[in-house]
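Before anything else, here is the set of structures, which you'll find just below.
Consider the two complexes below, in which chain A is the common component and chain B and chain C are the respective partners.
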Partner chain A sequence: MEKILDKQRLDDWIAVLTDWDAFAPAVEDDVWAFRPVAGAVRLDHPNTKQPPKGFAFPQREVFFTFEQIKGEAPRLTQKLPQGKRRVAFGVRPCDGRGTVRMDRVFADHVDDPYYQTRRNNMAYVGLACNKPVSSNCFCLSVGGSPVGSDGLDVLMTDLGERYFVAAVTETGKALMTVAGDLLKKPEVADRQRLKDLHAEAVAQPQRAIHDADGAPAKLKASFKSPLWEELAQACIGCGICTFLCPTCHCFDINDEVTGAAPLKGSRVRTWDNCQFPDFTMHTSGHNPRPSVGARLRQRVCHKFQYFFENFGMHQCTGCGRCISDCPVGIDIVHVVNKVTEHAG
Partner chain B sequence: MPANIYLPELARITFIKEEVPGERAIKTFRVEPLNGGSFEHECGQCAMLSVFGRGEMMISIASSPLVKDYKQFSIMRVGRVSAAFHDLAVGDVVGIRGPYGNSFPVDDWRGRNLCFIGGGSGLAPIWPVITTAVAQRDLFKNITVFYGGRSPRDIMYKSELEKLRGVADVHLSVDKAEDGWDAYCGFVPANVMDKEPSPDNAIAVTCGPPIMIKYVIQNLSQLGFADEQIYTTLENKMKCGLGKCGRCNVGKDYVCVKGPVYSWAQLKNLPEEY
Partner chain C sequence: MIDVQSIRDAARDLLTRGEVRAVIGYRRGSRGMLAEPVTITDPEQADELVWDATCFHNLALYLVEDRKALAHAQRTPTLPIAIIAKGCDARAIVVLMQEHYFKRDEVYIIGVSCEGGGVLVEYKLARLLNGAQALSAVFDGDELVVTTAAGEVRLPASEVMADRCLECREPFPKEHNVAFGEDKTGRQLAAPFTALGRFEALSAVDRWAFWRRQFERCIRCFACRSVCPMCYCDECVVDSITFPVAPDTTAEEKANRIRWIERSAVRSENITYHMTRAMHLAGRCIDCGECERVCPVNIPLRLLNNKMELEARERFGYEPGASIGGPSLVASFRDDDPGQFIR
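Moving on, here comes the complex of A and B:
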C-alpha cells in the first residue's frame, strides 16, 4: 500500500487513529524525545536523544508485586502491561532496525512476556532520512539504509510539501486504512521524486565502519589486544553509550520494598549497563571484566562479534548516539576500525 | 500470552543444616514446592531462588535428579540475598524458578571411572553427579572424590563424605595444617598430583574457586587427561537465567543457557573472561 499525505493533513491522520495512543518526537527539557501527541506534529526532528526502545522495554517496569506475612506464603500479583495500542511517528530507519534486534533477544530461546505484550501492542511509523540526521551517522556501513524499512510498520518519506507513505506490515496497512481519504493515490511524479530522493539519501556522505563483514573474525582474533585498554583509557564508566543505544538490552532485576509488616514490595526490572564494574562482579569480589578495557571490549564485541555469531547480524545499527553523547569522545566507529585494521 | 518466565513458584523450606560456621558460613537448605509438583532437573543445572523483599540469586541444585521430594541447595553467606536466606527458618516460604542451563552428560559416562575434584563451596554443584553415580553404582567403575577446604571447619558435607567411603575413594584436604587433621595438608590441586588419578577410561569433574579450577585442569592435563575428559561448571553473576539480561556471557555464550557445564575442550575455545 503506497499513498500520499499532504503535510498539513498529518495531524488529521493521527486524530482519526482513535484506537491508538500516538507518540511523536517533541522537544522536552531541551532534547528530542517521543512524547504523547498534543497539538501539531511536525516531523522535522534530527533524531531523538533516546531511541524508541523504551516503548517495548521501559527503563523501569514492575514484574509483580508481593505481600508476605512473615512465615507465610506471599501473595504474588503479576503486572503484565495493559492499555491502548500505541503508535510512534517519526521513527528513523536505524531505530527500526534496532527494534528487529531487540525482538531477536526477547523472543529468542523463550519469550519475555513483558516485552512481547508491549511489542505486540506497538506500531512504528518511520521517517526516511533524506540527509544524515547527525554527523555521526554510519548506518550504510553496517548494512542499513537511511531509507530502509526493517522493523517499521510504515515508512514515510518527506517529498517537500507531501509525504510518501508506504505500508511495510499488515499493522501498517491497518493504520493507513483508518486514514481513508486523507491518504491519496501517488502520482507518477511522486514516485519519481521518491526514487530520486532515496537515491540521493543513500549517496550522502556518512561515517563508515570499514570492514563490518570481517569484524566478527577480526575481533575474535583481537581479544587479547592491548588496544582495548588504550582505547578505553578515558572511559569514566557513565554508561550513556548503552542507555542511548537502540539495541542494548541488558537489565537488572531487584526487589523494591514499600512496607515492612506485612512485607510489601515489587520485583522490578531496570535497564542495566555493561560499562558498570558491578555489572559482572561476583559476590566474592571476583570480576570477569575488571577493567574499562574489558568492558569496552564487551560492548564492541557484543555489537560486532557475539551478536553476529548468535543471530547472523550485527547488533549496531549505526545511529551514532553513543559517539555523539560520550562525554570523553570514545567513538565506536574509530574503535572498530582501529582494532580490525590492527588485526590485519 | 506466553508463560511468565519471571514469576517464581513458591516453595517451603523443610530442612536446614549448618555445614560450615563462621564468616563464610555455608548452610544446606531443602525446599519443597507448595503446589505439590515441581520442575524436573538434571545434574549441574541451577535454579533462581527468591527471598521476597531481598531479591533473587542463582544457585546450583545440589540434590540428585533422582530425589523427587525436595531440591537441595548449599549456600555460602556472602551477599544480600544469601545472607537473607541464611536468616530463614524451617517453614519459611521462598520463591524458586528454573531449572536453568545445561547439564553434565552423566549417562554418557556409564562404564567409566569418575574422578571428582571440589574445593570450598564448589562441592555443591558437583554433588548431584556424585550422588547420582553412587545411587547407580553398578553403572560406573571407580569413583574418586577429592575435596578440600581452607581448614577442617570449612569442610562441607562431612558426614555425607564419610558415608561415601566404601563405595568411593575419598581424599580430603585442608589448606593449612591443624591439630587433629590426619588427611592431606595442602591445596586441592596438589592433593590431586599426590594421588595421581589415572586418566585411563576416566572423566574428571571439577568445581571450586577459579584459581583452584585453573590449577586442577593444569595438573589433570599433566597426568594425561585429554581436554575432552575434563569437565567443569562455571559461575557468573546472573539476573534472568534466560540469556537476556546480558551479564553472564563468556564470548557469545550466555552461561545461564549454554553453560554452566563445559568440557575443557569446549571452554578452551571461549575467550578467557570468566
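Moving on, here comes the complex of A and C:
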C-alpha cells in the first residue's frame, strides 16, 4: 500500500487513530524525545536523544508484586503491561533496525512476555532521512539505509509539501486504512520524486566503518590487543553510550521492598550498563572486567562480534548517538576502524 | 590569544627532560572539531595537543584516575604528572590537595588562562551557525573565531559561552607551575550566580515543581558523577557494591543489604541521588560545570551545586579551591562563627 499525505493533514491522520495512543518527537529542555501527541506534529526532528527502544523495553519494568505474611506462603501478582495500542511517528530507519535487533533478543531468542506484550502493542511509523540527521550517522556502513524500512510498520518520506507513505507490515496497512480519504493515490511524478530523493539520500556522505563485514573475525583476533586500553583511556565509565543506544539491552533485576510487616514489594527489571565499573563485580570482590579497556572491548565486541555470532547481524545500526553524546570523545567508528585495521 | 605551540613546547620539554612521567591534556578527537582528553608519555605526542573553545573537560578527573590506578598497582611514582588546567580545573586540583588526595609536588600544573573566553556550548553555537558545520572554534579576545566550509565567522564570545564561563570570576589558574595567557581575574561577563538568581526568583512552589519535573527526567546514567573530579569515593551510596562481603556473609544478608537508593530511575530515587551528591559537594564544588555539560537530558545540575556554593559564601565567607593549606568548609571551626548552634 503506497499513498500520499498532504503535510497539513498529518494531524488529521493521527486524530482518526482513536484506538491508538500516538507519540511523536517533540523538543523539551533542548532535548528531542518521543512525547504523547498534544497539538500539531511537525516531523522536522534531527533524531531523538533516546531511541524508541523504551516503548517495548522501558528503563523500569515491574514483573510482579509480592506480599508475605510471616508463616504463610508468599503471594505473587504478575504485572503484565496493559493499555491502549501505541504508535510512534517519526522513527528513523536506524531505530527501526534497532527494533529488529531487540526482537531477536526478547522475542525470537527467549520468551519474554513483558517485552512481547509491549512490542505486540506497538507500531512504528518511520521517517526516511533525506539527509543525515547527525554528523555521526553511519548506517550505510553497517548494512542499513537512511531510507530503509526494516523493523518499521510504515515508512514516510518527506517529498517537500507532501509525504509519501508506504505500508511495510499488515499493522502498517491497518493504520493507513483508518486514514481513509486522507491518504491519496500517488501520481507518477510522486513516485519519481520518491525514487530521486531516496537515491540522493543514500548518496549523502556519512561517516563509515571500513570493514564491518570483517569485524567479527578481526575483533575476535584482537581480544588481547593493547589498543583497547589506549582507545578507552579517557572513558569515565558513565552510562550514556548504552542508555542512549537503540540496541543495548542488558538489565538488572532487583526486589524493591516497600514494607516489612507484612513483607511486600516488587520485583523490578531496570536497564543496566556494561560501562559501569560494578557491572561485572562478583560478590567475592573480583571483577573480571577491571579496566576501562576491558569494558570498551565488551561494548564494541558485543555489537560487532558476539551479536553477529549469535544472530548473524551486527547489533549496531549506525545512529551515532554514543559518539555524539560521549562526554569525552569515545567514538565507536574510530574504535572499530582502528582495531580492525590493526588486526590486518 | 594563546599560541598552542607554546603549550606543546612546554609539554615536550617536560617529557624530554624527564621532569614528569606524563602530560594530561587535550587533542583533536575523531568526531569533527571537538577536543578530547589525552594522556601522553612520549615527547613526540606533544604536537597532538590542542587548545581551543572545545577543551571543555576538567582534566583533574584524570589525576584522580591516575591516583587510583597507582594505588591499585601499589606503585609510588618518583616523578610528578603534568596537567593542563584552566582556572576552574586548577581550583579543583587545589581542593583535591586540600583533601590530601595528592601532594603539591606530585603534580605539575600547566595553567592556561581562558582570558576573555572559556568553553563554548555546542547547541548555542549550532543555533548561531544556522546549520553550517563548524570546523574549528578558538576564542580571540571577546570573540569566538569559527571556521566553516564557507569561511571564517566571528561571533561575540558571550553568546556561545557556557553559563559557568560567563559567571566565572577566576578564568586564570592561580595555582600553577607555569602559566600561559593573560590573567583576567575579576572579569565580569555576567554577575556570579546569575543563572541561580534567575531560578531563585521563582516561588517555592514553582521551584519544587521545576525539580520534580527535572528529577523525573533523569535516566541515571551517572555521567554527572563519573565526570566529577570531586566524586572520587571508592564506594558510592548509589552503587550495588557498597555492601562489604566476607567469606561468612550469608545469602540472606546479601539479599537484605541496605540499599539507600534503588536502581529504578524514578523520581524518589533520583532525588535522593542528586541531593546526596549536592550535599557531598558543598564547599568542594568549584563550579567547573562539567556535570551540567555532560547531562544527556539537559538537567541544569549547576543550580544545585551553585546553591550550596552560595550558602557557603554568604554564611561562612567560604570560597572553595582558594588555597591548598586553607581550612575546608565542613571540617573547620571559627570562633567568630555567626551560627548560634555551634556554641
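The working rule: the second predicted complex is superposed on the first by the 342 of 344 C-alpha atoms of A that agree within 3 Å, B and C clash if a C-alpha of one lies under 4 Å from a C-alpha of the other, contacts with A are read in each partner's own complex, and residues count from 1 in each chain.
In the analysis below, a contact is a pair of C-beta atoms (placed from the backbone, for glycine too) under 8 Å apart; a residue touches a chain by one contact, two chains touch by 3 or more.
All values reported here derive from a predicted model rather than from experimental measurement.
Partners chain B and chain C, brought together by superposition on chain A, clash.
Look at A:S284: by the touch rule set out above, it reaches both chain B and chain C.
A count of residues in chain A touched by chain B and by chain C gives the higher number to B.
Touch criterion met: A:A234 reaches chain C, while chain B stays clear of it.
By the touch criterion defined above, A:D30 lies against chain C but remains apart from chain B after alignment on the C-alpha atoms of chain A. Contacts of A:G96 after superposition: neither chain B nor chain C is touched.
Within the superposed three-chain model, A:Q305 lies in touch with chain B and out of touch with chain C [touch as defined at top].
Judged by the touch definition given at the top, the superposed model places A:C274 against chain B, while chain C stays out of reach.
In the superposition on chain A, A:G148 contacts neither chain B nor chain C. Of the two partner chains placed by superposition, only chain B is touched by A:A294; chain C is not.
In the superposed model, A:N254 makes contact with both chain B and chain C.
Stretch 73-81 of chain B is the one among 73-81, 181-189 or 253-261 that clashes with chain C after the shared chain A is superposed.
In the superposition on the C-alpha atoms of chain A, the part of chain A touched by chain B in one complex and by chain C in the other spans residues 252, 254-255, 272, 281, 283-284.
Chain contact summary for the complex, chain A toward chain B: residues 63-64, 66, 68, 71-74, 76, 78, 80, 105-106, 108-114, 116-117, 223, 249-255, 257, 263, 265, 267, 269, 272, 274, 279-284, 286, 288-289, 294, 298, 301-302, 305-307, 309-310. The part of chain B that touches chain A in the complex is made up of residues 1-8, 10, 12, 34, 50, 52-56, 78-79, 82, 89, 91-93, 95, 210, 235-237, 239-240, 242-252, 257, 271-274. Every residue of chain A that touches chain C in the complex is listed here, in rising order: 29-31, 49-50, 59-60, 135-136, 233-234, 236-240, 243-244, 252, 254-256, 268, 270-273, 276, 278, 281, 283-285, 323-325, 327-329, 331, 333-334. Residues 29-32, 34-39, 57, 61-62, 123, 133, 217, 219-223, 225-227, 239-241, 245, 249, 254-255, 259, 262-266, 290, 293-294, 296-299 of chain C are the ones that touch chain A when the two sit in their complex.
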